[in-house]
Amino acid sequence: ACSSKEGSKEEKEPEAELIVSTWGFSEDFFRENVYAPFEKEHNVKIVLDTGNNADRLNKVRQGNSDVDVIFLSDYYAQQGVAEDLFEKIDSSKISNLDKIYDVAKAPLGEGFGPAYTIAQFGIAYNADEVKQPITTWKDLWNKDLANKITIPSITSTTGPMFLDAASKISGSKEFNEDQAFAEMKKIMPNVVKEYGQTSEFVNMFSQGEIVAGPIMGMYFASLQEAVPNAKFVTPAEGGYAVMNTVNVVKGSDQKELAQSFINFMLSTEVQEKSAKAKIDSPVNTEVVLTEEEATNMTYGEELVNSLITLDMKFVNEKSKTWIDRWNRELVQ
Amino acid sequence: MSLFTLENIAVSYNKQHVLKDFNLEIEKGKLVSLLGPSGCGKTTTLRLIAGFLQSDEGKFLFQEKDYTKVPVNKRNFGFVFQNYALFPHLTIFDNVAFGLKLRKVGKAEIEKRVMNVLDIVNLQGFEKRYPKELSGGQKQRVAIARALVIEPDLLLFDEPLSNLDANLRESMRVEIRRIQQELGITTVYVSHDQEECFSISDQVAIMNKGVIEQLSDPATIYKYPSTKFVADFIGFKNFIDFDTVAEREGQIELKKGDYTFVIQKDGEMKNISGKTGAIRPDNLQIRAKSAADPLPPNGLFGQVNVTTFLGRSYQYVVETAIGNFVVNQEMAQPLSMGQEVILEFPKDEMVLVD
Amino acid sequence: MSLFTLENIAVSYNKQHVLKDFNLEIEKGKLVSLLGPSGCGKTTTLRLIAGFLQSDEGKFLFQEKDYTKVPVNKRNFGFVFQNYALFPHLTIFDNVAFGLKLRKVGKAEIEKRVMNVLDIVNLQGFEKRYPKELSGGQKQRVAIARALVIEPDLLLFDEPLSNLDANLRESMRVEIRRIQQELGITTVYVSHDQEECFSISDQVAIMNKGVIEQLSDPATIYKYPSTKFVADFIGFKNFIDFDTVAEREGQIELKKGDYTFVIQKDGEMKNISGKTGAIRPDNLQIRAKSAADPLPPNGLFGQVNVTTFLGRSYQYVVETAIGNFVVNQEMAQPLSMGQEVILEFPKDEMVLVD
Amino acid sequence: MSKKYIYLLLLPGVLFLTIFMLVPIFMTMGTTFFREDGFTVEGYLQFFKDPYFMGILFTTLRVSVITTIISIFLGFPVAYFVSKMGPRKKAFLLLLTIFPLLTSPVVRSFSWMIIIGKNGVLNNILTGIGLIEEPLSILYTPTAIIIGLVHLFLPLIIITLVGVMENIEPDLLTAAESLGASKLGVFAKVVVPLCVPGLVIGSILVFVGSFTAYTTPALLGGKQRVISTFLYQNAITLNDWQVASIVAVIMIVVTVLVISLMNVLAKKLNPRG
Amino acid sequence: MQEKSRGLALFTFLVFLFLLGPLLIISITSFEGGNILKFPPEEFSFRWYENIFKVKMFFITFKTSIFVSLAGNLLALLLGIPAAYALSRYDFRGKNVLNLIFVSPILIPGIVLGFALLRYVVVAYEFSIYTSLFIGHTIIMLPFVVRVISSSLSNFDFSIEEAAQSLGLSKVGAFFKVVLPNIKSGIIAAVMIAFLESFNNVDISVFMTGPGVSTLPIQMLTYVENYFDPTIAAISVLLMIITAIFMFMVERLMGLSYFTKR
């Protein structure tokens, strides 16, 4: 990014700027443990553009934001790839790639950004309020849960995953759209409403509006605080992997630096710190956590490998149809 | 029998009394005028009667019922506002029809009555206009029409003709009087125009600083004001504070310094206790003095100070040994400044006031 | 030399002409009154002069400069509004001081001048109040004070005294006249009160439907109206449309049916071409007719139809062979309804009009 | 006053809006009328033929109209009351009125969840005093959306109306009363018509606000879809600005229609305005 | 009369209860000690208030928001007041169209407006982030300013404006000295509504913000996407307190009634 933009705060500092587009959570942690050391080492200033996936991606699309590095969930990152918004990465420049799980290396396709963390999409429930412990996706279909659960909206990152789960419930091995929707139709009586933001899930859960629902594991700690007897399970059919990726935006004038930044994100040092701070589950295999430290984290090769990954390319191609069907068939 | 009574009313704004110990009684079907200087409380009295204002003390009886707390809209009184208060969002027709519609009068009837009253106030053809498209006098007439058309139990007029020219004012006041008498609507009328008040009223109340100084039929007030204030207010511009007052042979003899005056005492004359003589400029006689003229009885020598043309007559201010006097007299050739004159005080035109 | 001139002015609202071919010329230092019936265009004329209104046609010259397009605030004219237009958010003091502050007058000077003018309009002690805390007449006086205090080049008064009682009105008009003359401020004055207009003005313009019918000094208009409209407007209530008019021996002989009238022809008399005779109610002579009375010259027999008390005098409507006549006469005992009377038309009081 | 001068007053604003709003908007929307083969309204026709789309359009319309009507009915008397207060009390009440606007939509909807939720304050009270047995389910229904929207937009209408009511000359109200109008009559026949300009703009603010609202329906509504959900899905999630623009144009047209209707009604109430 | 206005007073009270009740709940939850919004709160604490000051972005974006809203408000007033005046004072050709133009920014769904602005103005002319935010917010505020002010001018008696002119004020001067003071509460209402609309705006701001620059509502939105604690409630309460303090200062300086008509 050119450093002469008025928008950036420091006018006089001569050093280059690296513009990083990210969600904006735990900013203090990142500032201290990631940005600051990186700035120091490379004599660069990191400027953040924060916001949700869609908004940030949209700004990159319009070519306005001069972003160099962008953090996106795999679903949105795939859109960026499809629209040719990202630079190919020179994997030789990212030495830490070797240290991470294979699934995380190039989830969007060869040459595109790696996932720097993997989260698990499973089920949380309130053990006080459900008759039998929930262990499978299928359990959410139980009539006992009428009007007591929430599911992710199809437009959110995890929406397609739940749709996939529905397809699995139907017994189909391959993803079967029609059967999935048929199953979805059956679960709707149980659904109070869909949630678009995790905060909604948390609020509904803590206010007793719902007793169960699919959610990403990283948020479970919050639920547990509100409802001490809350449980998080990896459903028997398998949890889903939600991968957050880092990419270099096309037209970046700091490509080298951007790659160094990605490399730094994958470094054992950063990965370990952020895991211990319970911010992001590590993808770096060198990171070792105690059991205590691993609670609510997606940790361990075994677990990671057991997670189902969706073909985001396929999801992207289909999302318009799915959204449309979802609107028409499920919520009307 | 009196239709309504104001008893010991007191009204104040910001703790300052505007009306105090105010009493007024009006008989059914009568038209009573309130006359008084600007700010004396005329509008306040009307607003009180209309119910826009609550009195601090006192009682308002209407048809023997206590009306003090009856809400405005239950009173069925017509009010013509000093500042018109026309509804800007309604046409002239709708302004006038407003009260009728509320009374659920039929459409055809409304049409008829509104057109009729607009005719009376000389505003045929203005029905479709909005108030802001009228001249001041036209607005005022709409305000009158709006109050008349509902044929209320009591009509309250606050300077309803102030913005009309003499002719219109005269014809309007005749109309108001006619309607008022025909329908027997009791009316309280505020105007600063004395001729208007005197010609239209059954009774005139002269107000001063929130109290009524005199309440009588017009002719009595006109001829026999009872206080100096009233006299002054209705045009007795000349006053002489006498040193002594004595009754003698059906006449009253008055002395001021070296001068002696005589006043005819007639039957109706109410006030003979006062020590101040009052006379109107119109009633003073003035004529040029030739060198040899002696001082006539009830006369004074003087000198013309100021001359003003009034249309009908000329007005002079004459300087005399016991003060300045104002005289109006019709004459072909005006007297000139500095002219020596003789003033005469006709003995049946001077009155005594408190 | 004329200070300002209105030349062929035309003004219209919604395509209807309110003023048309309007011409007016006023000399420096003079006070000119506009008199005319409600809705004839007086306010419109003033607004035009003030610059609130643009004329469709015509020119306005002031001190020989074309003022037609000069913005209001560059004109330095004082305007007293018919509806007062006081600033509701300012105290009386600030309302009056408004113009002075704009003229960057010093604080002490403002204080002095405002207090002085408030004194003139009799509102000492009201400085701290807000307009809504005043009576109608008080507001009107503030409006006058506000216009006077800036000592403008031209003063425009729109019915400035309409809501004041007779005494105040008189003293105010004397003050206005005094200030106007002392400072030599040219003034255009609109009022519906004829006495006021006549007493205060150097010239009077009688308007009718947007044109000036007659412009003269007050005495001339008062005595010699040139048209029927003007005559009627200024109080010649009685008209006789003569069949023939003939001049004979310095007199004019007029015929109406069987009746013959004679009018004195004097030097000033401007209009001898008219065929309509006009006379004021005040100038008609009335007396009771005894059975044997012959018809006097310039006389008519009649019968009293209506009697009204006017304060000073009584008013009668008399029915005669050639129409009804209105007579005002002072008399101790009023004539009664139905009374047979003799009317006399003094030959020097009747005028001929177009 | 010369006409030129009037246009001069309007010019800066119009220029600003033209450059920064009208032109970009027309460029965005222009694309919805043109395909390779020239002008077309095909895109629009599809929407009007689609019962699903029409369904949510009408749902949204209904919710917005109801919200507007409720806001007027709640706001008008309150504005009247407030405008009659002394200056200090009036200022204080106006201050209280704007307070809700200072809270984020998320927290605000959370507070409504607490009030009208299954275990909410309202249900607790009602079941507590035995008025109902089963908790009312208001949350996640169109009713909840309406409550939320009214709460959101009521202040706008109150503040606007107070500003208008203050300039009504008090004697007009007394005049109406003296002609026989009850307090209610004065209100309906004089106050309301004179407030029409404020009422119109207030209603427009509320209606448009409700019609385009996204967060409140998303948080308080259940599975209910409103039209802005649809717009967001297409614009933000699918990045399909073509469809988003079509939806936006339809929304604008509907709004303009509703506003025209309101103006017609307003003209009836106050023909002069 | 008394009866009726007592009814009206009760009605007003209930409406205010409706408006303010939820705020009370928000205020209470903001003192929750735990990590989750809860009602009633389990323990009392100020920690989320402290948290506001710990997260630097809140303060930075708050400043941006205030700045943008104020500056935009100023421009909107500058552009809007003359327009409002012309639209309500005069009759002229094209008035309806102009009226429509001036409300149009609220008729156009925010995201579409934001998108169009981003694509055809900001990117095309390479405006900086602050400039774009400023322009975008001015556009949002303009209709509120124009319409609210012109509706409060609708019952205005313009003869006092003429009076002022005849006393020597220019047209502009008369407007400022006489018209404005008498529609003060209309202006204040317009300013407040416009300010809050802009201050709360998300739709358009989302497109106008960029690296290093964001507004408070967007920051708050970002926050709630990732955290579920009562910080946002605390911010809302804080904003109310700031407003109240501001009003209190105004009251001290010039009386609260400064905001309303006599």
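Note that the chains are named A, B, C, D and E in the order they appear, and that numbering of residues resets to 1 at the start of each chain.
One rule holds in what follows: a contact is a pair of C-beta atoms (placed from the backbone, for glycine too) under 8 Å apart; a residue touches a chain by one contact, two chains touch by 3 or more.
Quick caveat: nothing in here was measured; it's all calculated off a predicted structure.
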(request) Tell me which chains count as touching both subunit B and subunit E. (result) C, D
(request) Return the chain whose centre of C-alpha atoms lies at maximal distance from the corresponding centre of subunit C. (result) A
(request) State the pair of chains with the top count of C-beta pairs in contact. (result) D-E
(message) How many angstrom lie between the centres of subunit B and subunit C, each centre taken as the mean Cα position?
(response) 21
(request) Mind checking the centre-to-centre distance between subunit D and subunit E? Centres are C-alpha means, answer in whole Å. (result) 16
(request) Would you mind pulling out the distance in Å between where the CA atoms of subunit A average out and where those of subunit E do? (result) 35
(request) Averaging only over C-alpha atoms, locate the centres of subunit C and subunit D and give their separation in whole Å. (result) 56
(request) Would you mind listing the residues of subunit D that make contact with two or more other chains? (result) 1, 106, 110, 114, 169, 183, 194, 236, 273
(message) Two-or-more-chain contact residues of subunit B, please, as numbers and ranges.
(response) 71-72, 83, 88
(request) Please list all residues of subunit A that touch 2 or more other chains. (result) 55, 58, 199, 203, 207
(request) Give every residue of subunit C touching subunit E within the complex, in rising order. (result) 50-52, 71-73, 75-79, 81, 83, 85-89, 98-99, 102-103, 130, 132, 146-147, 150, 156
(message) With touch defined as at the start, can you tell me which subunit D residues reach subunit B in the complex?
(response) 169, 171-172, 174-183, 185-186, 189-190, 193-194, 196, 270-273
(request) State the interface residues of subunit D toward subunit A in the complex, per the touch definition above. (result) 52, 55, 106, 110, 113-114, 117-119, 139-140, 218-219, 221-225, 230, 233, 236-240
(message) Which residues of subunit E touch subunit D once you look at their complex with the stated criterion?
(response) 1, 4-5, 8-9, 11-12, 15-16, 18-23, 25-26, 29, 37, 39, 78-80, 82-83, 85-88, 90, 92, 98, 100-113, 115-117, 119-121, 135, 138-139, 142, 144, 146-148, 150-157, 182-183, 185-186, 189-190, 192-193, 196, 200, 202-203, 217, 220-221, 224, 232-233, 235-236, 239-240, 243-244, 247, 255-262
(request) Spell out the part of subunit D that touches subunit E in their complex, as residue ranges. (result) 1, 3, 6-7, 9-10, 12-14, 16-17, 19-25, 27-28, 74-75, 77-78, 80-82, 86-88, 90-108, 110-112, 114-115, 121, 151, 154-156, 159-160, 162-164, 166-169, 183-184, 194, 197-198, 200-202, 204-205, 208-209, 212, 214-215, 228, 231-232, 235-236, 241, 244-245, 247-248, 251-252, 255-256, 259, 273
